[in-house]
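So that you can tell them apart, the chains are marked A, B, C and D in the order they are listed, and the count of residues begins at 1 in each.
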Amino acid sequence: MSKIKVGILGATGNVGQRFVQILHNHPWFEISALAASERSAGKAYGEVANWKVGTEIPDSVADLEVVTIDPKKIDADIVFSAVPSDFAKTVEESFAREGFVVSSNASAFRMEKDIPLAIPEVNPDHLGLIDIQKKNRKWDGCIVTNPNCSTIMMAVTLKPLLQFGLESVNIATMQAISGAGYNGIYAMSIYENVVPYIGNEEEKIQTESLKIFGHFDGSVVKNADLKISASCHRVPVIDGHTEAIWATMKSNPKPEEVREAFLKFDPGLSHLPTEPKHPIIVRDEPDRPQPRLDRDMGKGMSVSVGRIREGIRYVALGHNTIRGAAGASVLNAELLKEKGYL
Amino acid sequence: MSKIKVGILGATGNVGQRFVQILHNHPWFEISALAASERSAGKAYGEVANWKVGTEIPDSVADLEVVTIDPKKIDADIVFSAVPSDFAKTVEESFAREGFVVSSNASAFRMEKDIPLAIPEVNPDHLGLIDIQKKNRKWDGCIVTNPNCSTIMMAVTLKPLLQFGLESVNIATMQAISGAGYNGIYAMSIYENVVPYIGNEEEKIQTESLKIFGHFDGSVVKNADLKISASCHRVPVIDGHTEAIWATMKSNPKPEEVREAFLKFDPGLSHLPTEPKHPIIVRDEPDRPQPRLDRDMGKGMSVSVGRIREGIRYVALGHNTIRGAAGASVLNAELLKEKGYL
Amino acid sequence: MSKIKVGILGATGNVGQRFVQILHNHPWFEISALAASERSAGKAYGEVANWKVGTEIPDSVADLEVVTIDPKKIDADIVFSAVPSDFAKTVEESFAREGFVVSSNASAFRMEKDIPLAIPEVNPDHLGLIDIQKKNRKWDGCIVTNPNCSTIMMAVTLKPLLQFGLESVNIATMQAISGAGYNGIYAMSIYENVVPYIGNEEEKIQTESLKIFGHFDGSVVKNADLKISASCHRVPVIDGHTEAIWATMKSNPKPEEVREAFLKFDPGLSHLPTEPKHPIIVRDEPDRPQPRLDRDMGKGMSVSVGRIREGIRYVALGHNTIRGAAGASVLNAELLKEKGYL
Amino acid sequence: MSKIKVGILGATGNVGQRFVQILHNHPWFEISALAASERSAGKAYGEVANWKVGTEIPDSVADLEVVTIDPKKIDADIVFSAVPSDFAKTVEESFAREGFVVSSNASAFRMEKDIPLAIPEVNPDHLGLIDIQKKNRKWDGCIVTNPNCSTIMMAVTLKPLLQFGLESVNIATMQAISGAGYNGIYAMSIYENVVPYIGNEEEKIQTESLKIFGHFDGSVVKNADLKISASCHRVPVIDGHTEAIWATMKSNPKPEEVREAFLKFDPGLSHLPTEPKHPIIVRDEPDRPQPRLDRDMGKGMSVSVGRIREGIRYVALGHNTIRGAAGASVLNAELLKEKGYL
C-alpha cells in the first residue's frame, strides 16, 4: 500500500514541528507538503523552521521546500492544521471546499454544530457529523477538530468515570509554557512565578467538554448534562499540563473503584499507529504523575493519572503539544482513515 | 516602655531567619536569645546562620552568640518556635512549663484541645483557650500555635465569606519550594516540573480549618461544619503559595458581592505592628495575584486575591514563610501582648 | 536645602522603574516628572507603569501624571534617561540643548569623545569632559553616561587591580534575564537553558572598558592599553549578572594580594547617598557570590567578589538594573552635584 | 555472533540509568547484571531504580533482579562502573582482579600511571597502557577510565586544535544540575541562581587534560605541556554542560580556520555503535549551541560548538551524563572490543 499524502499547515510553529516529528516516519502517512507564511515560502524547511522540539530535524523533511498555505500549492489527501485560530476560519474552509480532509488543532470550528470535536478514545461516533457537514456545506472535503490541550487530558480521564454517573467537575490546571507557542510568554512573566490566567482557556474547557461528552443521535450532538468549573494557571514547565481534578459522581465510587476503571479503560484503538498501548497510565507512587518524568509516556500520547483520593480527587497529566495537539489531530486522521473518510 | 525580650528557637533555619528579619527592628519586641542545635551553640549567629533570606543579616543580631534550645539558657518572656515538629513536642512543653509564652509555628500542638490554633484576623477569641490550658496543664507559661502556611492563606480569605454561609471548599495549591526548608527538595525533583504531593499537607489544610473556624464557647472549640477538600502541589517558585479556591456558600453570592466582602474585610487589628494595612488585597487585573510580584505585599503579611469568578472561584496568594509562618507567630504574639497574656 | 528636581525619561520600563525605586526617597533629589511614550502620557504613573520590581509602588509617585518625553513638558534640573538606545540619540541631545543635565543609562553617546563614560569609583575625573563637551557642542546642558551593566561590575573590580599592572582580561558573563527588559526574552528561549549570545554585549564590554580606564589629560581621554576578551551568556536568573574573570597583571600578584586590594578598595565616596558602605564586598565562602543571595547587597549597589584563585581568576557579581543601570546613573548625578555641575 | 555480557555497577543512580538506556538495545552488548547497594539487591530493577531519565524504563531490564556489587554475583565480561568515587577504588580493583574488564566513569583510578584515561576520539592509543597495567598489577582483568564530564567536552574540541600548536586554555563552565546526581543539589541552592563552585571540578579539568593530551611512548604517558585554567559554575539547567573556551595557539589561526578544523575532525570511529556521525557539530547560528536544544544531538554523544571568534574563543556543549559519562564509558568499551581487549 502506498502511503497517504499529508500536508501540514503552519508547519514551522511549535505544534507544526510536533506534526512533523510525529508524521515523518508514520506507517500510513507521508509528508508531501509543508505550508507556512509567505515569509518562509520558497525556502527549505530546515532553513526556516528554527527547529526547537529537542530531537534533530529529520533529514527527509529538512530539504522540503516550504509552500504558502494555499490549496492549489498542496498535493495531499489530508492536511493537518496548526494555523492560528483567527486565521484558521478562512484557511480551513478553503481547504475543505477544495476537497481536502482537514484535521485541525485550531479552535475556529470546534463549536460549530456540524463539525466533529473528536477524541478517538472518548467520542469516536461524533465523526458521523462529517456526513451531516458535507450535506450542509456542500464541501468536497471536510473538517474535523480536536479539543483544546487541557480539555483533552481531562476528557480522556473522565471517559471511564461516566459509568459512575459523572455530574460535575472542578479542575485546576498547571499548564506548560509551550502551550502558548514559542513566542507566547516572556521569561520575566513566568520564571520563578505562577500566572493564574490563560486567555479563554477556562471557557474552552467548560464548553468543549459539554460537546465532547454530548450524545450524537445521528444528526446532532446534544450537549452533556455536566457542570465543569475550571481554574487555569501557567507554571514554569516546558512541556506537560498537570491537572488537579475533582469529579462528583452519582454512584459515589471509592478511590479503588476509580483506579480500577482507569486501569481497565480500553477504547479498542490499539491498532491505530499513534494510539499508545495505555491511553491512561495509572501511577501508584504517592508523588506522580509529574510533567518532566511522565509527559513522554506512550511517545507523549498517554495521559498519566495518580493520587486518586476520596472526593473523588486525582491528578492527570499529558503532553500538551503531542497528546493535547499534534498527536490528537493525527489520531483523529487515523480513525478517519479506518472509518473510510480518507 | 522597654521592649519585651524574645527568644527564637530554631533560629538558623529558613523560618528562623524570617523570625530574625521580622523581629530585629520590632517596636515592641527585642531579640534577646537565638537558640539552635548544639552544633551552632557558642558561635556568633552571623557565623552559623548561613543567612539566605535575601537581604543582609542585621548587624545587631549577627554578633549574638547562639545558645542551645534550653529554657535555662534563655532570658526572655516569649519564645518563637521554628523547631522541627517532631522535636517541638518536648521542646515547647519544656519552655511552657518553665513559664515562657511559646508562640509556635510547629504543628506538634496545633490540634490539641486546649491549645489555640490562632490567626488574629480569623479567630482571635480562641486565645481564650490559654486560660483553660493553664488550668489543665499547670504550666506557668503557655503555648499558642498558628496554622500550617497554606491553611493560613486560605483561612484569611474564607473568613469574610462566612457571612454567605460557607459550606464547602475545594482548594488546589501551588506551593513554593521554601516551604520545605532549605534542604527539603532536590533541584532534580522540582526544576522544570510540578510535584503533585506534599506530605501531610492536605490533611493539615482539611483538619486545621475545622478547628480554626470552630466555635469557642469559653471552654472548648467545637469544629466547624465545613467540608474542605485539598489537592496540594509543589511548583518551581522560591517563595509564595498560590491557591485556586472553590467556595460553595448557602446564599450563593455573586462574584461582585464576594469582591466587596474581601474589600471590606477589616479585622480591626491595624494597631498591631505586624498587621498590614490591608490583610486582604484585591487585585482586579485579569492575571494577578502572582507569587513573584505579590508575595511581598504588606511586607509579606497581606494575602492577595484575584480572579473572583462564578463558582465562586478565586485565586489567593501569600508569602509562605512570612504570612504563613514567622509573621503569623509574631502577629499572634502581638495580640497576646495586647490581650494581657504577655 | 530644597531638593533638586529630577525627571525620569522612559519611566515605565524595567530600568525606569528602578530609577523610581531609587529616587523616590532620595535625600537630595525629588521626582518632579515621569516621562514615557505617548501611549502612557496623561495617565497616572501607577496606572500605566505595570509595576514589576517586586516591592510596592510608592504612593507618592503612583499618582503622578505621566508626560511625554519632551523638554518642554518637564520641570527639572536633571533627567535620568532609560530610553531605548536608538531613540536616545535625539532625545538626550534635545534635553541637553535645552539646558538639562542628562544622566543616561543608554548607549547612544557612550563612546563619543567629549561625553564622559563614568563610574564614580573608577574614573570620576572623566567628568571633566563636560567642560569640553559644553564648549564643543554649545549646549546649555550636558550629557553624562554610565557604561553597560556587565562592563560596570567588571570595571569596579578591575580598578583596584590597576596597581598590579593590569594587562589583559578574559571575561565570561552569566547574565540575568531582566537585562533584556521585561519583553526581551521569551520563556521558551531561556528556561532550563543557557543562551551563549547577547547582541553587542561583548563589543560593549571590550570597547567601553578601554575608554573607562583611559587617561583623561584635561582635553581628551586616551584609551587604556588593555586587552579585553568577552564571552557573554544569558542564564535563567531574574536579576544579577555573574562574571568569571581572568586578569593578567604585570606584577603577577598572589590571590591573597588581590583579595587585600579588593578589601582595601575605598574610592572615598561614602558621603554620596547611593554609594554603598562597601563598593566591593569580598566573600570568602567557597561558593559565593551568587546572584539570588548577593545581588541586593548594599541596596543593590555593591559588587560582590569571591573565589579569588591563581590565574588570577575570580568571580564578580552585581545587580544589573541597579548597580549596572539606574543606580549607576544616580551615582553619577550625585557626583555631578558634588562637583558643582548641578 | 552472540552478544557480550555486560554488568552495570551502581545501576540505580543517575549515570547508572544512562548506562541502562544506552546498553539495553546495544548491537554488541547485552545487559546481564545490574548491581547496586544491599538495599536494592534481590528486588526487580524496575521496582528500585526510581527511573528518572525521561523515557520509559525498558521492559527487558525492569524485571532483572538487582544483585550486590560483588564479582561473584555477576556473569559478564565487562562491567561499567558508575559507583561513587570513594567506593570505586576497592570495588573496581576487586572486579579487575577477578578478571573483568572495568570501564569506569569514576575518578578513583583516572590519574594512576598505568590506567588509561581515554576518549576514543582523542587519545585511543592510551589504551596501550592496559598491557603495562596487567603486567604491573598482575590482574586478570583491567581498568579503563574516562575523564570527568566537563573535561570530555573540552578535550574533544581541543583535539582538532592541536595542529595549531595549542598552548593554553581558559575555560568557564556552566554546568547542569544532573552532574551532581539526583540528590546532589537542593532546589533552594540553584533555582533562579548561579553557584560559582563545583567541588574539585576545576582541578579535574586542569589535571586530567594534561594526561589525556600526554604522549604515550609505549610504556608511560608524559603529561602534555599545556596550561589549563578553569572556572566552574552550576546553572539552572537539567542536562548539558556549556563551556566558554579561550584557546591560545602558537600559529594563531583565524576563526575560519578553527571552524574548518572542527568541521573536518574525523577520528575514524564511525563504525563504533555509540560514535555519532559527527563527534563535533559546528553551529553557525549566532546563538547556538544551547543545552536544551543541542544536548541530545547524536543521541547525546555529539559535542556542539559555536560562536567561534577571535581570541580564539568559542562555546562548546555536550550532554553531561551521556557524552560526559555513561556514553563515554560505553564508547571506550567498544574500542576495547575492537582492539581485542574484550
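Annotations
We take it that a contact is a pair of C-beta atoms (placed from the backbone, for glycine too) under 8 Å apart; a residue touches a chain by one contact, two chains touch by 3 or more.
Since we're looking at a predicted model, the values are computed, not measured.
Set against the Cα centre of chain D, the chain with the most distant centre is B. Counting C-beta pairs in contact, the pair that comes out ahead of the other among C-D and A-C is C-D. A separation of 42 Å divides the Cα centre of chain C from that of chain D. Computed from the mean C-alpha positions, the centre of chain A lies at a distance of 39 Å from the centre of chain D.
Computed from the mean C-alpha positions, the centre of chain A lies at a distance of 48 Å from the centre of chain C. Within chain A, contacts with two or more other chains are made by residues 52, 191-192, 236, 238, 292-293. Within the complex formed with chain B, the chain D residues making contact are 52, 177-178, 182-192, 236, 238. Looking at the complex, you find that chain D touches chain C at residues 170, 172, 174, 192-197, 202, 229, 231, 233, 235-238, 242, 244, 246, 286-293, 306-307, 309-311, 313, 315.
Of all the residues in chain C, the ones that touch chain B in their complex are 52, 54-56, 191-192, 238, 292-293, 296-297.
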